[in-house]
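There are two complexes below, and they share chain A, which is joined by chain B in the first and by chain C in the second.
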Partner chain A sequence: MADFLSQYSIQRWLEMCPQGYLENTVYGHSPELREPELVVENETLREESIRTTVQLVVGERCALAASSGLVNAAPDFPSKRFLATQTLDEARHVEIFTRRLFDLGVTEDNLESTIDNYANPHLVKFAEVLLEKVDSGDFIAGVVGQNIVLEGMAFSVFEMLEAVSKQVNPKFAETLSGTIADERRHVGFGENRIGSLIREHPERKADVERMQAEMTYHMLATFSEAFQGNAAATEEARSIAAAEGAGPETAVWHGTDLAAASPEDMEAVLADTVLGEFKTRLGRIGLEYQSPPVPA
Partner chain B sequence: MADFDPHAMAEEEFLEEVHSFDFWFQAVDGYLRDRSYGQVEGTPDPLMEDGEREVLITTLCNYCVAETAALDASSGLVRLAPNRHAKIFLATQVVDEARHLEVFLHRMKELGVVDPEGEIERRANPNLLRFKKRLLELVDDRDWDSAVFAQNVILETMEFTAFKAHLEGADPVTGEVLDGVIKDERRHLGFGENDLGRRLVTMPENRSRLAEVRAELDELVLRTFEEVQQSAGVEPSQRLTLGREYIEAVERLGLT
Partner chain C sequence: MNDQSEASDEPEPSRKRYELEETGFNEVPKKWRKFYRIWEGALDTLAPNEILCPVCKVVIRSVKEIRVGDRLYCMPCMSRLLVVEAEDGTLTTDVLY
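Moving on to the complex of A and B:
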């Protein structure tokens, strides 16, 4: 354990992250990049961009509360130290996605009401399930919920958004690229540290697996609402972008061309990818993936 | 950062700028780049006499207790913070405190301590441990004003005073480590002073609660100073200086 945790020192984090892939960026992107004019000026595209970004802010706020809340519950200094770096990573994500909302025209005065208005209620519930474990000082469940389930979901969502944005919105794609690099580190810690704790406390498996099933339920419900519940607006935004020549020509991600896929197909590829990752990562730490009931 | 003028900014703009990841990074990058564990490569580290080494290890153990308290408290405060600017500032403080703990632990290993965590348990001053316990109780009680006061004013002033005094006679390597830590502490103290100062303008009735917290914690700080210096062999006449400097520094902030 000591060897792997030494890879997560503050010294290494400083060299890798702020002095590494974030060097010369402003709010996570090259200083000269801006949101595309069409996105800012077209009301439909702007609203869809705000809706998407609000979900990212909600997820990152949850991650900030969870990672900071777990520091005190961590059983050793190396884990505290890693969670300290994660706390600042998550705060940076909150900051850069909040900044994107401002770039899209949201004002400081209506920031909270915009978030309340667009936040997916299932995603809010997903966060509540995790934060309940954090509040009770349950380190094992908290890290599995945060670094395997939440981060595993965020990782795939960011990758998918990055694939769609690369051609048409380099600013957003760059912002996502830095967060993906962070999330990769976080997921790695969760797998390594919790694997040994689960082996020491096999009696905790059932409770942690129940939490995973509950969080997975709310995650799938979030995806369902984001793609199918909002399909008309998504299609409209896509047609406008295509008519203006501002949509991606192709954006292939896990074998699906996101530029042409239906909302159902996009939901399916995202859900399949995230669930596949969950099964692999949970298996590595000695937990069995639990299927949730299908969302209504 | 070079043309940064905080006085020319409106309050919201100031908070947006100062309590941001970018501002934090610009600040720490200036004194941490090209350093490993707070040290410049090649700084001479002459062998110490046993007695001197023992005193330094005990001092570092107590620094680690204080930094662990700061790490646990600042991380607990993130969720209590009343606005996003304060949350982001506190997240930067969490990493600062973890770094301080890391550089002090690293220094202990350089001094030949094999099990730093066990050594801390053996050498920690009981009054400092009481201080830590009380601070974390304030955080657990979700009392933002009292907890920020205890952490970003009292604890930070205690550390600032002790580190500055230590810096004057420190060996070159420990001095470099302390120099970087002191720069962070100044930022943390600034946050506490600024945040509480603003809040006390609108809630002056909170001042008396802070005075109660201060009375309780001052005693623990002064006892810690006294006992740690006594065990380090500092003359009784000199021991009072540190406590006096601490009291004067807190007094100057005018929060109680």
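Moving on to the complex of A and C:
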């Protein structure tokens, strides 16, 4: 049973989220905040912002499909109830990041084509690996993939983006802050629920670890594509922002100043942080981190 | 549990006690907010009544000095934690599943 959920309830979720850190927000941020004018008006900056936000929408659509799919696969009612609240969290994330695309000038008619155009193919594959487990009703693999691998990655990506955005885009930073708060519960559920389940079903370790390696492969390929495959556009966007005085002066995250770091350095600190967390978190619940063959 | 420490029912006189104030942390219902704060990263210095949740990276704050053997609850991620001594002598936590 999921004893750690004994004090969790829909009421608790209401007090923490809608009546807590989301109170008085509109689409996850203070109502008066807007995207910076330069981001909306400069085509290079706007396209980079759209590209980044599309990856968030893709990831959150996957999380929505996974968490809702896991409700029926959950073996106990407390887990179903938690996953019901997570499903609404993920639906909210899809909505607020989609809303950001609209704020950046994407029209409703062009939404799906924009997502298709900018979605990182490795991130799409990452999602497919997870959803295959969820669709087969595999609760243990589904929760590890969703609440430890996907949410663990999202947690660090959101923290990094928040660090970069705090000075220059408070609207986006606030939006991210609320999603990070949600992710704390999601990783907590994943670790606590699987921590007990994997001890009851040690025979599942090998299969779950294979899935983790496959998802990690696609995650690292996503990071590589995002930072190195797109390095020229990223650097151009940063130069424009700096020239206009709209770039962050400093944005230190895990010892790296993201405002001055090269795309390679940014990729390295993100990958190191996420993989470090994976290893620690998986180790705590009795799983051994499996390195993907390439790219690592 | 409302002081987030489940180890002892009676306060130990030898432990330093702390008055907790709001830190701006708003991710739990209001009555428990003072027991947590956002972690500022690796350079963040923890007070003797504070410890980092290894699951969600929030700093848990107690009304008394934290010691080995204390059991703590992290409400933001619902984790139950046992305070243990790390190899370097500092305090850390094991997650109780």
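One rule holds in what follows: the second predicted complex is superposed on the first by the 291 of 296 C-alpha atoms of A that agree within 3 Å, B and C clash if a C-alpha of one lies under 4 Å from a C-alpha of the other, contacts with A are read in each partner's own complex, and residues count from 1 in each chain.
As a convention for this text, a contact is a pair of C-beta atoms (placed from the backbone, for glycine too) under 8 Å apart; a residue touches a chain by one contact, two chains touch by 3 or more.
A quick note: this is a predicted structure, and the numbers were derived from the prediction, not measured.
With chain A as the common reference for superposition, the partners chain B and chain C occupy compatible, non-clashing space. In the superposition on chain A, A:65 makes contact with chain B only, while chain C stays out of contact range. Between the C-alpha centres of chain B and chain C, as viewed from that of chain A after superposition on chain A, lies an angle of 90 degrees, to the nearest 10.
Shared-chain residue A:291: touches no atom of chain B or chain C. Touch criterion met: A:80 reaches chain B, while chain C stays clear of it. Judged by the touch definition given at the top, the superposed model places A:188 against chain C, while chain B stays out of reach. Superposing the two structures on chain A brings chain B to within 12 Å of chain C, judged by their nearest Cα atoms. No residue of chain A touches both chain B in one complex and chain C in the other.
Partner chain A is touched in their complex by these residues of chain C: 26-30, 41-42, 54-58, 74, 76-80, 95, 97. Interface residues of chain A facing chain B in the complex, by the touch rule stated above, are 9-11, 13-14, 18-19, 22, 26-27, 64-65, 68-69, 71-72, 77, 80-81, 83-85, 87-88, 90-92, 94-95, 98, 108. Residue ranges of chain B in contact with chain A, taken from their complex: 12, 20-22, 25, 28-29, 32-33, 36-37, 68, 71-72, 75-76, 78-79, 84, 87-88, 90-92, 94-95, 97-99, 101-102, 105, 117, 136. By the touch criterion stated above, chain A contacts chain C in their complex at residues 4-5, 7-8, 12, 15-16, 20-21, 181, 184-185, 187-189, 191-192, 195-196, 199, 252-255, 280-281, 284-285.
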